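Each of the two complexes below includes chain A, the first together with chain B, the second together with chain C.
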Partner chain A sequence: MAVAFWILAVVSVAAGIAVFVVDSMARATFALLASLLAVGLAFLLIDLEYLGVLIILMMVMEMLVMAVFMIMYMMNPAGLMPMKMVHNHRAAMIISAAVFVLLVAGIFLTSWPPRGGEPPADPTHQLGLAVMGPKMLVMMVIGVAILATMISTVVLATHRGRYARYGDDLERKRPLDPGEES
Partner chain B sequence: MPELGLLALPLALVVLGLAAAGLDAVLSGGRASAPFGEIARLLVQQRRRTTRPDVLLLRVGVISLVAAPLLAAVVIPLGDAPVADLSAGIVWFNAMEVCVWGALWLTGWSVNSVFPLVGAYRFVAQGLAYELPHMFALITVALGAGSLRMSEAVQAQQGLWFVVWMPLAFLIYLVSALAMAFWGPMSQPVGSDLAGGVRAELAGPDRLLFQAGRYALLVVAAGAAVPLFLGGGAGPVLPGWLWALVKTVAVLALLVWVRHRVPAVRMDRFTQVSWLVLIPLALVQLLVVGIVVV
Partner chain C sequence: MPLEAFLVLAAALFSVGLYGALSQQSIVMLMMGLELMINGLIVAGGAFWYFLAPGSADGQVLVLVAVTVMALEMAMGFAVVTALFRAREVDMTDDARDLKG
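And then the complex of A and B:
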């Protein structure tokens, strides 16, 4: 258990570092995925099976959505050319190192409170109750925020809306295909 | 019998995958032994080299296309109990099958060639289209069973199979199974208009693994329909594992047959149908099941 935890911890940190070391968009994306998968597997170690598997499921999909964002927003859409993964290289290094040191120092210097209570028999059930009960408002707000983000990113990236497909008065029965003239 | 299952599972995947490939060959007018010839040909074929491929990511992509269906299969009960009866088994199945997105995108991207890249993005688009209705279909089953555990989903169907009172979810599952394995009408990511799409530059052992992974996906997608909708191993006279096998073969044969009857669907059209028709249908089905359960 402890061994598995340390292996996953090292993999996740090492893959996280790799994100900024590699020179290809695809490698950075999948290094980040490897890091997050290690986090998901670490959740399985503490018997949070549903959350762990959900992290794996969501992170794979998110990284692939990132691949879609590559063609939506990048100057080098396929990500085929080598490129640096950090902007403002030196300052970025200093800032990220300082933040890392600060966080690690915080972990070791905080006097953590002793554990109170026991883990529930069925954490998945407990999670469902929390999401549907006291955390409902938070989840609703986040849900709407994510939906708004999705819609606005697509609207910004696409050059064909429904008027381009169905005509100015939406009169066409069959939408125009990309590149097809009316 | 988890130990027995550990041996039986890869065997079942290989045999069913070869059977699917054989049936596909027969329906295409060839001989049932055609897949064996293809395997022998690919085993001795040279790898094709492209200019500046990302070999590491290519290997990761091709191997995870085989690993994902294998890992997804461990929660499918062969009769009574699966190899690993995870408490979130249905979510695990979903997670592993989504890993195919990564596998296909990596394979298409890393060979550094245009057609595979276009094919890879076609699959991601198709994935974004089929995944939401697919998830709702799975959630409907979990809601009906009151559990995310595969074996409890089977238990819940002792009286009435889920296919009877959630037929829409079953149909949506079958459509998404085709899309998941980029098979038949959903095979645009490897379409002939792209000279083979994602697999255009794969040859030799790479192509063999790719094809094996694709058939394994098809088998796993068919196999999961059995515990999810068709009562698992339930049936008269025959033992449970045999019933599970018979039902899997029936679903698999249906999926293979569809390839020869339905034309290819463009993924932008499919996205429109999926989001405007399938998602509302899935939600209605979820509502009906929710009302019945409560």
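And then the complex of A and C:
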């Protein structure tokens, strides 16, 4: 089990680093997928079968959708030139290394409390009872957030139609013709 | 395989994501960094549930929220990039610094 965890941990972090190293944004998406899948598999080691499988299924779909968008905005189609598109590389390295050291120091210096209770026989059952009972507010907020995201993504991403042609304050005398830029 | 091992994995994923979020010029690559950071939070949430408080479902609910946030972040991010690209043909953070103080 420990061996499996360390293999998954190394795969996950290595794939995470690969996201920012590989030469194509499509490859970066699949590297991120590998990192997420390793995390999902690691969840199977700590009895979280439902959440592990949920992460795996959800992230496979999410990354496939993401790959389409990545190809849409790809800066380096077909890997024709080396992809180097970073700014502030040095400061970002220093900051993230410092954050890592700080977090690891915190992890080992904190005296963690003893384990409260034992894992239930079926953690999925426990989660189901929680989200349909005392934690229902969380689920309701998630539901509203998903709805709000669906509406706002459509609003943001649609082509500006005739209602946009009068300008932001609807004060343009003559509406712009379709396709005409303001 | 103690709690610390899981938390170190979480910290490593978070830091790699932070590097990406700070350094990438392309907005969509910046979002990959944010996804990696949330990935770290998911690992930490699951580990806290299993090693510290398996008696209550709080950790599992937290993971559920983080997974949802991950999906919503991606959807909103791509919508914003699409809107920005439609308006200005811009997909780089350096060209979208209107709010820089």
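Following the convention adopted for this analysis, the second predicted complex is superposed on the first by the 138 of 182 C-alpha atoms of A that agree within 3 Å, B and C clash if a C-alpha of one lies under 4 Å from a C-alpha of the other, contacts with A are read in each partner's own complex, and residues count from 1 in each chain.
The criterion applied here is as follows: contacts are C-beta pairs under 8 Å (C-beta built on N, C-alpha and C of every residue); 3 or more make two chains touch, one makes a residue touch a chain.
Note that the coordinates shown come from a computational prediction; the quantities given were computed from them, not determined experimentally.
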*Looking at the overlay, does A:R27 come into contact with chain B only (first), chain C only (second), both, or neither?*
first
*asked:* A:L64 in the overlay: touching chain B, chain C, both, or neither? Say first, second, both or neither.
replied: first
*Mind working out whether A:V138 is in touch with chain B, chain C, both or neither, as first, second, both or neither?*
second
*Which of the two, chain B or chain C, is in touch with more residues of chain A?*
C
*asked:* After the superposition on A, what does A:L54 contact: first (chain B), second (chain C), both or neither?
replied: both
*asked:* Applying the document's definition of touch, where does A:L36 land relative to chain B and chain C: first, second, both, or neither?
replied: second
*Could you look at A:T149 and tell me whether it touches chain B, chain C, both or neither (first, second, both, neither)?*
second
*Kindly classify A:M85 by the partners it touches after superposition: chain B alone (first), chain C alone (second), both, or neither?*
second
*Identify the partner contact of A:V11: answer first if only chain B is touched, second if only chain C is, both if each is, neither if none is.*
neither
*asked:* On chain A, which stretch or stretches are contacted by chain B in one complex as well as by chain C in the other?
replied: 54, 65
*asked:* Going by the contact rule set out above, which residues of chain C touch chain A in the complex?
replied: 1, 3-9, 11-20, 22-29, 32-33, 35-36, 39, 42-43, 46-47, 49-58, 60-61, 63-65, 67-68, 70-72, 74-76, 78-83, 85-86, 91-94
*Where on chain B is chain A touching in the complex?*
54, 56-57, 60, 86-88, 91-92, 94-95, 98-99, 101-102, 105-106, 109-110, 112, 117, 121, 124-125, 127-128, 131, 148
*Where on chain A is chain B touching in the complex?*
24, 26-27, 30, 33, 49-50, 53-54, 56-57, 60-61, 63-65, 67-68, 71, 78-80, 124
*Can you name the residues of chain A that touch chain C in the complex?*
1-2, 5-6, 9, 12-13, 16-17, 19-20, 25, 28-29, 32, 35-36, 39, 42-43, 45-48, 51, 54-55, 58, 62, 65-66, 69-70, 73, 75, 85-89, 91-93, 95-97, 99-100, 103-104, 107-108, 112-113, 115-120, 123, 126-127, 129-131, 135, 138, 142, 145-146, 149-150, 152-154, 156-157, 159-160
